[in-house]
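The following pair of complexes shares a single chain, chain A, combined with chain B in the former and chain C in the latter.
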Partner chain A sequence: MSLSPSALTRRSLLKTTAIGLVMGVSLPVPLFARSAEPPPLADYKPEYFTAQEWAFVMAATARLIPSDGTGPGALETRVPVFIDRQLAGAYGIAADWYMEGPFDPAANPQLGFQSPLTPAEIYRQGIALFDGWCRQALGSPFAALAPVRQDQALKLLEKNALAAGKPPAGATPAEAGPLVPPELRDFFTLLLANTKEGYFADPKYGGNHAMQAWVYIGFPGARASYAEWATRQNVRYPLGPVSISGERA
Partner chain B sequence: MRGLLRAVAWIVLLGLVALAAFILVPEQRTPPQTNPLAAGWQPAADAPLYAARLADCAACHTAEGGKPFAGGRPIQSPFGPIYATNITPDPETGIGGMTLDEFRAVLYDGIGRKGENLYPAMPYANYRTLTEADVQSLYAYFMHQVLPVRNEVPRTALAFPFNQRWGIRAWKWVGLPAAGFTPRFNDPKLDRGAYLVEGPGHCGACHSPRNAFFAQDGYTSKDPSFLSGGLVGGWTAPDLRTVGNAIAGWSAQDLDLFLATGRNAHAGVTGEMELAIAHSLQYMSAEDRAAMVAYLRAIGPAPGTPPSAPKRVVARAATFGGPDATATEKLLASADPAMPLGARLYLDNCGACHFVDGKGADGIFPALDGNALVTAPGTAGLITTILKGAALPSTALRPYAVAMPGFAGRLSDEEVAALATFVRGAWHNRAGAISPADVRAIRGAAGGGLDASSLY
Partner chain C sequence: MARQAQKKDVVIIGLGWTGSILGIELAKEGLEILALERGPDRKTVPDFRYPDVADELKYGVRNGFMQRPRDSTVTVRRNLSETALPYRVLGSFLPGNGVGGAGVHWNGQTWRPQAVEYRLRSYVEERFGAGIIPEGMLLQDWGVTAEELEPYLTRFEYVLGISGKAGNLNGQIIEGGNPFEPSRSKEFPLPPLPDTYDSVLFAEVAKSMGYHPFPRPSANASAAYVNEYGMQLGPCNYCGFCERFGCLNYSKASPQTCVLDALKRKPNFEYRVNAEVLRIEKAGDGKTATGITYFDADAGEEIFQPADLVILCAYSLHNVHLLLLSEIGTPYDPATGTGVVGRSYAYQMTGGTSLFFKDKVFNPFVGTGSGGVTIDDFSISQIDFAKEGFIGGSYITAGHTGGRPIQQLSLPPGTPAWGRAWKEAAGTWYGHAMSIGAHGSNMAYRDTCLDLDPTYRDRHGRPLMRMTFDWKPNDIRMTQFMKAKIEPIAKALKPDVMSSSYKTDSSHYDVRPYQTTHNVGGAIMGIDPKSSVVNRYLQSWDLHNLFVMGASAFPQNTQYNPTGAVGGLAYWAVEAIRKDYLPNPRPLL
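After this line comes the complex of A and B, so read on.
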């Protein structure tokens, strides 16, 4: 084998190494590519909610997806911001829903959403009703209750079984009796669904901050490109997620 | 002394007279070149429209959103915008009342109705080969089949010295080829193909390089640089001629499909060529298209063994990143978080359609491996496509205008540069790097459709 003029010499080796070092220094993948960090959640100015409503949404979502589990909670992922922005936008006014009558809010729930109220109105009236009930029955607004009491209250709200007065220990929903009017019966359902949406939706909508929920469950985001993985069984996909706006984590 | 002064004065005077003559004496119009037509000859019923489509007059003379052939589209030249004129038969703002001889002089000699010299943005250097039948078909089309539209187009106002139109006369001396078309293949199909490509199709206007006088470097396949690639507004009009050119390895059917639909197993049309497909090539008869294909294949390098057409995605996916894959494909298929930024951006933004092997999908998503736009010396095409997206033309044979979104909202200048540099060196591609400054220059330019960051 003859050596070509371009064969390895000490000089070319040094040069190549130097180039390699420079490339190595200049080309690492920035693991996180994020838009500017938003202001802290405590400083967020709600677009839709009043201060009292905001306090409720912060407290309620923090119980639905608490921060003391194995993954990020609703507050770290800024779920309340997502809900506020949704209610301030097209979803809040049910812009693309059929909202002409006739309304029969007491119809069989299997018939779907029957309320004449928009989601934003359901939150407004629902929070007022529920916070009022908390004050009357439990002595303080929802946000000020101890977490254990908050959980109890939410469970009753989930069953639309808020009774006047303090719930007796071990009271069944039937004993508690109805207080939530039919046009608000979807309040808890919406709150829970919107909380999950805010947790898992793309960060561009305000929640799932820094794609923490996706990282937590191993969802790789809006890459939509896994044909080469379809045949690999039981191999962990190593790349973190990417968002619609191109953030990487 | 006095004698010398007198001699100098005479020389200056003679020079001025010669210059005045050069500027003021009207040029000779080139007479009909081919096919002396019988008296009373009339084009066949569909010939005028066909000729206008063949010559792709609409690409320049119909403005975006404007009335057909009413002009006003700015043609970007290195010296400033040149506005395409109104060629509807409107008597005041168009070409109504133009005689056949005046019309032929526009096509052959670049001489306007008032004797003015036309900028060679009008490809009269190519149209000089038009047969008399095509000239008269075009004349019939623009006089009788186009609706007159009253539309005063903006005046072209280039900077000095390019606003001195008499200078174009000097340019024509060095820039124009001989008029008329001479068949030279001894094969009617190849000669028809040569006529279409070199003449009315004016393919060389973009796909040939320009010489020192900014004239097309070669007007027929006898010139080796003809169709060897050109530069248009920073985009490379690909080389169709030399070894390793953009269509090397394409089958005749691939090329035919590309001309008819703007897409095939290898590529999707981009840039100005999209207009050529949409307004012109898709309407050509199967025979004419086949003639162009035969000619283009005949003047290129001897065809080697064409690479087999890529398999369908479903069949390929099982072996993505397998032992026979390129290093790039293996890297992408590994999904290794330590991969370089360009590769990561490819997976995050491009891989869903173009796949880890860079082969795309037949007739839908162009292959990037070996793609002429990706590896072009003029990088504006690749950068523009990444930033602003692209759309295939809707054609009769393939109506779906498949579109790629732009990524300007999703990628910074540095990221686009890293991604573009990656694809230019990925798989079998070996083209140079792109800098963030290159990207910045194009990001500000107009144009573009849907952006990927606003898709949901």
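After this line comes the complex of A and C, so read on.
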């Protein structure tokens, strides 16, 4: 089997790999230049999150970008590591944001972010509130719920519709509850945005492990040089991604 | 107490496009010049170099080249009775920061306003009658004409090495260019950029419908180029990291690539960074500026810098802020309609339609900042305002700037925001979408304005500037008109799915999603000191040795991206300073 450079498209690569596995042989050519494998996600020591928060972030990102179906999920791409590092850094402390009072966190959302809390504080208080609600309303912390219940809970959080109090037996948790205070109303928005950032950002930030998300959608990463491709119509670009640190896939 | 520095002939506030141009042109006069830039120094190397700049998270999402709201921001309210709140996190607009200003991270779309846009009130009154002007709309002429500005717009385009195709050369309409543009005296300095697949599809269908597609004028060089200052550009490599990024390839025109290295070689020019001007100081007679006071962040001290000539070259919003803080000119009062500083703030009305094709591959990451194809068939000069019920116009355009997956992934309507369906849609549709957009005018109104906020303060203890702005029925009718023109074009391309996003009657200004960094007005030019802050040479009506550059001079926004007119006005103003003002300093009108 020979592999010309033009055969190194995502689809052909996946197909070749699958055939290789089925036939019990390995690829004849090393196609990847990668940095050393990081420790398994389960062994990662969070810089910002507590153990309970980390369990939530692992479980929640796994529902926001699940592993089933086509394409890698948040856990294979190490999105939780990305979020942990972002919150431990300048983003977490809102280093660039205007954070002077007075604050009106209940203002019209079109006037933008108005919480007095930094992203790191919003995660800390938001996870405590949401996990507490899950225990009270659904009987377990979020991470221990079945995926179907996790999705139901996230949909309520997305609408900031967690209701205080325990719902009647057998009922789905009621919508339109006042449990989420205005200063935490952006919690889900941040969680989802940061999850997608971690999925698609350069691997140097800890997520998008091995550029799997780029390979999956067909984005060549930091190649940034395509002059001769400007005028090629309806032809798929043949090369896989490179990262800022020089990884190839 | 501020330390007093040795006097300079000229002090320039802000070292972006206009500061660089004023600097190099006034340096030719042998004047001693100091430029003060509030942000850090920025150079192609190391700040924009490959591969570090190809970082969507750092520069695209976290806005690494932009103004930090912590250091400088505005408050926003949508009407005069709402309580304005700080623009705490960047969203709707992205002012630049540091040497090069927004000229570092712009796309490079370099347009000339249409001739009627410089004299919009006169045009409307002559053609349609003053009766069509809606209550509260502050329509105003610029005080300068397309013919007067033409040589200066040409000069700016030749400094930047703009790629494009003339459509009206000395009054002669040229096939393949924009037939609705004002007459230009020279062909573009560089030929148009090659068209990507989406642009080709749009051009073909637009032409078949009787429209006049032409290549969008672009500050991304299509070939090697050397400008009048000896600065060199190389051809764009379609890297897909243009807007929000500095150019890694010496291809996008910026102060760095087109002016600054030449300017820095002038022995009579000096610049300082991390030097934020706090106020412009006035002489006792109130007729001139004596200099400026700035905060030197490196030394941690305030410095009074005396100068004979003060050129305000900050971003448009900061120009207005500094005038208000320095108490130069009468602040505008929307209750009475009197005063001028902060009057006539305007923005940009945009909308668009996304098209999704299962069987078409666009390779969106193969992108240049301002390539693409445009039609101007529904531009401001081509619309019967009386018949259509609005004043304004848009250009309609296709072409993409990149395929960066965090910010530029376009999914069909109805796709869930998360979960397996989102993930699979990302895999299915990435690279299979294109868009057609409308980029349109925005008028100024009695209650769209800028003043000092009563509550919030910046890091120097100064009041933040307060922006009062919302979308108005006239401009919403305009963009709905464009929707009705774009959707048939989109349908003719037979996409599998399409979705439209245009402002409607229920739309209000939302500071969260990015729209444009085309904030204009507030220190507008004109022929009457009662309704303008600067005269037709951008000279302050109040202090004759103060000139104010930038889009703060626009009395209402044109339908185009502002940089072409900003650059043309800078060359126009600096010629008046050199030839008329310096020999005899005085009010020029």
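By definition in this document, the second predicted complex is superposed on the first by the 207 of 249 C-alpha atoms of A that agree within 3 Å, B and C clash if a C-alpha of one lies under 4 Å from a C-alpha of the other, contacts with A are read in each partner's own complex, and residues count from 1 in each chain.
In the analysis below, a contact is a pair of C-beta atoms (placed from the backbone, for glycine too) under 8 Å apart; a residue touches a chain by one contact, two chains touch by 3 or more.
Everything quoted here is computed from the prediction, not taken from an experiment.
**Student:** Answer with clash or fit: chain B and chain C placed together on chain A by superposition.
**Tutor:** clash
**Student:** Please name the chain, chain B or chain C, that touches the greater number of residues in chain A.
**Tutor:** Of chain B and chain C, more residues of chain A lie in contact with C.
**Student:** Quick one: is A:Leu111 in contact with chain B, with chain C, with both, or with neither? Answer first, second, both or neither.
**Tutor:** Touch status of A:Leu111: second partner only.
**Student:** Looking at A:Asp202, would you say it contacts chain B, chain C, both, or neither? Reply first, second, both or neither.
**Tutor:** both
**Student:** For A:Trp97, using the defined touch cut-off, is the partner it touches chain B, chain C, both, or neither? Pick first, second, both or neither.
**Tutor:** second
**Student:** Regarding the shared-chain residue A:Ile244, is it in contact with chain B (first), chain C (second), both, or neither?
**Tutor:** The answer is both, since A:Ile244 touches chain B and chain C.
**Student:** Among 38-46, 146-154 or 398-406, indicate the stretch of chain B whose C-alpha atoms run into chain C.
**Tutor:** After superposing on chain A, the stretch of chain B hitting chain C is 398-406.
**Student:** Check chain A for residues that touch chain B in one structure and chain C in the other, and list them.
**Tutor:** Comparing the two interfaces on chain A, one with chain B and one with chain C, the shared residues are 202, 204, 223-225, 227, 229-231, 237, 242, 244, 246.
**Student:** Under the stated contact criterion, what part of chain A meets chain C in this complex?
**Tutor:** Against chain C, the touching part of chain A is residues 63-66, 68-71, 73, 91, 95-100, 102, 104, 107, 109-114, 151, 154, 158, 192, 195-197, 200-202, 204-205, 213-214, 216-227, 229-237, 242, 244, 246.
**Student:** Help me check something: in the complex, which residues belonging to chain C touch chain A?
**Tutor:** 50-52, 54-57, 61-63, 68-70, 73, 76-78, 83, 85-89, 91, 193-197, 200, 235-241, 248, 360-361, 363, 365-366, 368, 371, 403-406, 409, 417-420, 422-424, 426-427, 430-431, 455-457, 508-512
**Student:** Across the complex, what residues on chain B touch chain A?
**Tutor:** Within the complex, chain B contacts chain A at residues 313, 317-318, 320-321, 332-341, 344, 347-349, 351-352, 355-356, 407, 409-411, 415, 452-453, 455-456.
**Student:** Please output the residues of chain A touching chain B within their complex, sorted ascending.
**Tutor:** 27-31, 33, 202, 204, 223-225, 227-231, 237-240, 242, 244-246, 248
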